[in-house]
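We call the chains A, B and C, going by the order they appear; numbering starts again at 1 in every chain.
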Amino acid sequence: MLRYLGHRLLQILVLLFVFITLTYFILQAMPGDFTSIYASNPQMTPEMIANLQARFGLNESVWVQYVRFLRNIVTGDLGVSFSEYPRPVWDIIKERLPRTFVLFFSANIISFYIGFWLGKWSAWYKGRAADKVLVTGSISLITAFYPLVAFMALWVFSYHLGWLPLNNFVDPILWSNAPLSSMQVFGYIIYAAVVTTALLILVSLLLRKKGVAGAKSRWIPPIVLGLALLSAVALFQRSGLLIYVFDILYHLLLPLFVLTFIRIGSSLLLTRDAVLAVTQEDYVLAARARGLAPAVIRNRYLARNAIHPVVTSLALSLGESFSGGVVTETLFSWPGIGLTLLRASLGGDYPLAVGAFIITGIFLLLGHVAADIATACLDPRLRDSIGR
Amino acid sequence: MALLELQDLSLHYHTGRGVISAVNQLSLALDAGESLGLVGESGSGKSSIAHAILRLLPAYAQIRQGRIYFAGRNLLDLTEPQMREVRWRQIAMVFQAAMNTLNPMYTVGAQVVETILTHEPNMSSKAARARVEELYALVGLPCTLLRRYPHEYSGGMKQRACIALALACNPQLIIADEPTTALDVIMQARILGELESIRKERGMSVIYISHDMAMMAQVAERIGVMYAGVLVEYGCTIDLLAAPAHPYTAGLLAAVPSMADDVTQLQEIPGEPVDLYAPPAGCRFYPRCSRATAQCKEQAPPLLPCRRNRDGEHKAACWHLL
Amino acid sequence: MRFSSAIVLLLCLLAGTSAAAAGSAPVQLASSTPPVLYEGTTLAPVRVVADWLGAATIYDPATGKLDVSGLGHTVNMRIGVDSAWVDGQPVTLTVPPVVHHGSTLVPIRFLANAFGASVTYDATQRIVLLQISEREAALKVPPTSAATIAELRAGISDAKLKAATYSKGGTYTVGVFEEPKSNNIVNAMGTGATTWTNAFLLPQYSTLYGNTAPRFDYAPVLASGDPGPITQEGDLFTAVVPLRKDMHWSDGTRFTAADVVFTYMSILAVGPDQLSGYWEYAINKDLLVKVEALDDFTVKFYLTAKPGLAQWQYGLLQVVILPKHHWEPVFKQALESQDPVKTLYAFNDANPVTIGGFISGRWEKGAFFEIKRDPTSNSPYEAIFFHEQGLVIRNTKTGYSYQSENLAGSVVDTVNSGPFVDNVMYRVYLDQNAAYLALQKGEVDYVLNPSGMSKGILGMLEKHPDIAIVQNATNGFRFLGFNCDRYPMNIKAFRQAIATVTDRDWLAENVLQGVIEPIASVVPPGNGFWHNPDAKVWGAGMDEYARLEAAVKILKDAGFTWSKEPEVVPARGGYAVVEGEGLRGPDGRLIPQLTILSPTQGYDPLRYTFALHLEGWIRTLGINVRTRPSDFSLIVERQNTRDYDMIISGYSLGLYPSHLPAFFHSQSGANRSNYVNPTYDSVIEAFLAADEINAARQYAFAAQEILAEDVPYVVLYVNPLTEGYRRDRVRYQFTELLDGIQGSYGMPGSVYMLE
């Protein structure tokens, strides 16, 4: 296992290097640079623009800039951005990434969970009314024009009904006197989520080690989850942060809802296809012959065997959670890494653009590795390939 | 009273290209403790009967007519929950090519225990595991294999595990569908031997389904020969093998090359299999029969007792018996 | 009999004269709320008096402002405030105006005297007599009960309390599209300058001199008078600037000359060319030698040469002044570090010291930022009175006053300095639609949008009863630029012909539905002071056919020929254009295929539309031209490298027309059209050298005439700026100004929240 991981990490590093180089040169190849926006400003004389370029190192050849950039990367210095000079790139990413992550990661997990669950039922009731409704609904969601759906949701729920906030991730009036910044609260939320997830994985592993999952032990993971959440709430309450955490979560609801809603369709159809493929297998017929209960067949024989493509898809999309989505971030005023990336790339802010690409690239590649490991863990037949 | 009785069973498959008449007016009876062999080519409908008994037919299959009596009840009248109780508890099945009949995600031991607990929910998991270990011992598998996954078993091991699985709930009837097709001769002999000894020990009934006449000779007390969905001959093994009444049976037997003689050329039954989409009105064996007449073409011969019946139960469906 | 008839005659005469005198018998003024005699001062409803006088009354209940004007006089009052201004002169009142039983009561004598009327009070009859140029009015004053006196007393002290801070308070919420780049004013004046950073920081600081909205007159802000004349002292040129003695920073420290000296000298020490941005633009290290403090409130500038308007009044003197005690350690550390500019810019100024009336509030990254009113600031007690020419500034708390040298005429507008709100909250909406939805919902009071709202959004907001729409001109223009170095764009007649066929008015009205305002001058008409309305406009007032014929004539006269000459022929009851082909220059050379670079339809549909039509118009002249829509950065690059035939682009401008030299002087690095005209150069050099604003204006006018004749740019249009705000929440003191409300970043310093 360790050898396998080491091998994969080496692959990641090589890929990352190629990726960075390509990105860097493509960005540099785009016409103009960061100082182009000043061209239409008569107050900026060409001498002034040249001075500015010198400050940002843009007057040197591309290769010189590249080598300098690489040297910094190796020492872990992502440089300072042009657009918020001289704020370090890592600082900016550190501020924006958690916002993106919290939103997109949650949306992915929830949509996959619901999509998987619904897809399982859809395959079970194939051909019946429920199945047709779910499939049609899924296809409509996938093909729907996302910005329109998002804006309509905004219009209906925020503007007309007023149930959910219209913008952003905090309520200014509440946060005017908050004792800590939203960045910190996002950090706490992620921290709580990571601890809870680790706990759940630990519990699941322990359960499996102990043997067969009986009817009673099915309830243990949900109970653990509930306890973890309750203790998180209690801790937040004690430190007086609860209201701020809730505010952020409240603002999370609408974009989360829209994102999840849109993505359920794809995981539903994926699950449905996988389950239908498994239905042809001999062991399913054998299970029926053995008189096993329908629920058992559905979960342990169909769903469990169909999980491979779904988990792969999930792991890959989790990698995407780190790059966000520009439309979502813009419409819901949720400034995250996606928007940062786009603006930096178009605006010629090379350090910020490449820095953001690196970070998101790392997570994306790690996502691939996680996908491989996850499928291997779940399928006993593959475990040998990763040496466990 | 017979343990299992099929009366006038007719089975159709509704495919995209048309309707297949897979089983045509089949009647059979099986007593408790008896072993029966169903022989025929692939596509003769023998597996369909097995699936029909356990009501595992696919959605596009339709039982046109007939009744399946098991221990006095017509299985076709039972609801799905009732049928689930019958499955495995009363009638178990050893599947054809056990390569893929076990869930690859869980250990074999877990699956057997699961099956036991499904049918005997009050049993403790410890007691269930104890029984599984007994069963493994019975079929000659080491208990360490219980913690292994199906892909870690060899073909023979899997087959034996499936037999152990079939025996898990002490059924009254076991249907063994091509139980040894994928195995070598030595393994085949061993497994069949074990199965037979267990059968005699427990007084179970077994239906063996195969295309292998030789295997049938070994294990079946009575044999039913099927061709194109029709039972063409039925009788006790010794009689049937010694003096087959139906031309097809004779052809089958003749096709097995003798170990004693010099064989230069395999004997085969000429002709093509019948088109089940449009079965003829007459005898389905007509195109390949050397003794066929016009009558055979027009009328389907009924299954009637033939002259040679030592214990009164040798039937054949032919206008021109041998 | 003769004696008695004489007496009768006398009596009749007496009766007659008194009749003549009275009847004009005094007009009996009636009012629903009777006048009140309060502690020796007679108060009456303002409208009753004003109406009779013939003056107009404007009362704003939201702000308490009470303005009465007419007969050549203006009186500015305020509810609860016992000082007022009469024609710009402060007057103290014995009793402040107060609202009583629904009427606004003011001291009669004061008001009447202000308009030149005389007041007499007949105590026995309890009648006030007003007399103004042959007219008389009488107002009965009933006895005032003790209860009324008590009520009035309470009302007056209430009103005084309310007006004491000159503040309605409340939070002014503005929707913005981006957060600031930095909280550090030095950074903001350098590379970090964006609209949003400015909105955050500029209200907190002040300059020595500035341009006062809405008329944008040049006036002192931290200075206390006009800058002294430039005098030569040896090799150098000096000027003295007096400073205000009544200003202090938000932490209580007094504003002195030390702060001014510190600011200029520190920037010089770091190097304005290193700092870039506005520092580099305003402070020229080759021009400014040093700044000295003559005493605590006087500074002296030492320059190497006599500066023009651009460098002096609109350059050096409009630099943000930094508090020395706050920034000195920061600059010290920066100068000791390896990269002073980077250290300076990186400084996190979380608790700034400010002077502009506001201090920084909270900046929640990505979400919102706010500025708070500085309660110690004296700014709310200040007002600016715009006269017909020049202005007057007065502060009633500190007694400071200033008036322009060329002051003339009466007061035409009054602006009260603020702040009048407690907080300004800027909420970040990344999507325009969401921001305007918020405006409709009432989540924000105003949307700060430098581009103005689109037509679609305008349609949405027009229907809302509580949203007021405001339209102003932007300061900038869009144009078709020629590369005057290339053939045939280097031929003047060629450019003039193209200018003639450019029918911008028709395009604006018929195709673009009035969305844009067509203009032909490089100084937009909205910049009233600098715009020359008499410069030539090619094809003015002509229709499509007349324009074509005029253009053809221009080309012919210059020696151009065609293989097929374009002409206008009668057709189907009107006219039709027959396109020309094969235009040849005066030297006989065939005009090569030319390219117009323009922004894409997605980037700017307006310019793109112009590009398409220009292509069509130019083609009728027999010129083989095609439009090439390109990415904006490509257009910028081609402009910089002067590698284009014709290009469609745009500029935003400042108030001072520095672009006249920058874009068109032959030696200017920003002259991207390669335009060379020695006459223009000398005119523009005189413009730059002028140190008096009206002289500069004459040169600017002359420059515009030359440009109109030579047409290096065919100016096309200017975008109007449409904005919206909640009229049920806020009141602006003015909404008509160049660049609209957003030009002053939402006007946080002068806006009022409604009750």
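Methods note: contacts are C-beta pairs under 8 Å (C-beta built on N, C-alpha and C of every residue); 3 or more make two chains touch, one makes a residue touch a chain.
Worth saying up front: this structure is predicted, and the values here are computed from it rather than measured.
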* Asked: Whose C-alpha centre lies nearest the centre of all protein C-alpha atoms?
  -> A
* Find the two chains joined by the most C-beta pairs in contact, please. => A-C
* Centre distance in Å when chain A and chain C are each reduced to the mean of their C-alpha atoms -> 47
* Structure fact -> Distance in whole angstrom between the CA centres of chain A and chain B is 54
* Asked: Whole-Å distance, chain B centre to chain C centre, using C-alpha means?
  -> 98
* Where does chain C touch two or more other chains at once, residue-wise? -> none
* Structure fact -> Touching chain A in the complex, chain C uses residues 179, 181-182, 187, 191-192, 273-274, 276, 278, 280-281, 341-342, 345-346, 361-362, 364-368, 370, 425, 427-431, 433-435, 437-438, 440-441, 443, 631-634, 636-637, 639-640, 649-654, 658-659, 662-663, 668-670
* To do: Could you please specify the touching residues of chain A with respect to chain C in the complex?
  => 30-32, 36, 39-48, 51-52, 55, 80, 83-87, 95-96, 99, 151, 154-155, 158-159, 162, 166-170, 172-173, 175-178, 181-183, 329-335, 339, 348
* Asked: Okay, in this complex, where on chain A does chain B touch?
  -> 211-212, 214, 281-283, 285-293, 296, 300-301, 304-305, 378-381
* Which of the residues in chain B come into contact with chain A in the complex? -> 54, 56, 83-89, 92-93, 95, 97, 99-106, 110, 113-115, 118-119, 125, 149, 151, 165
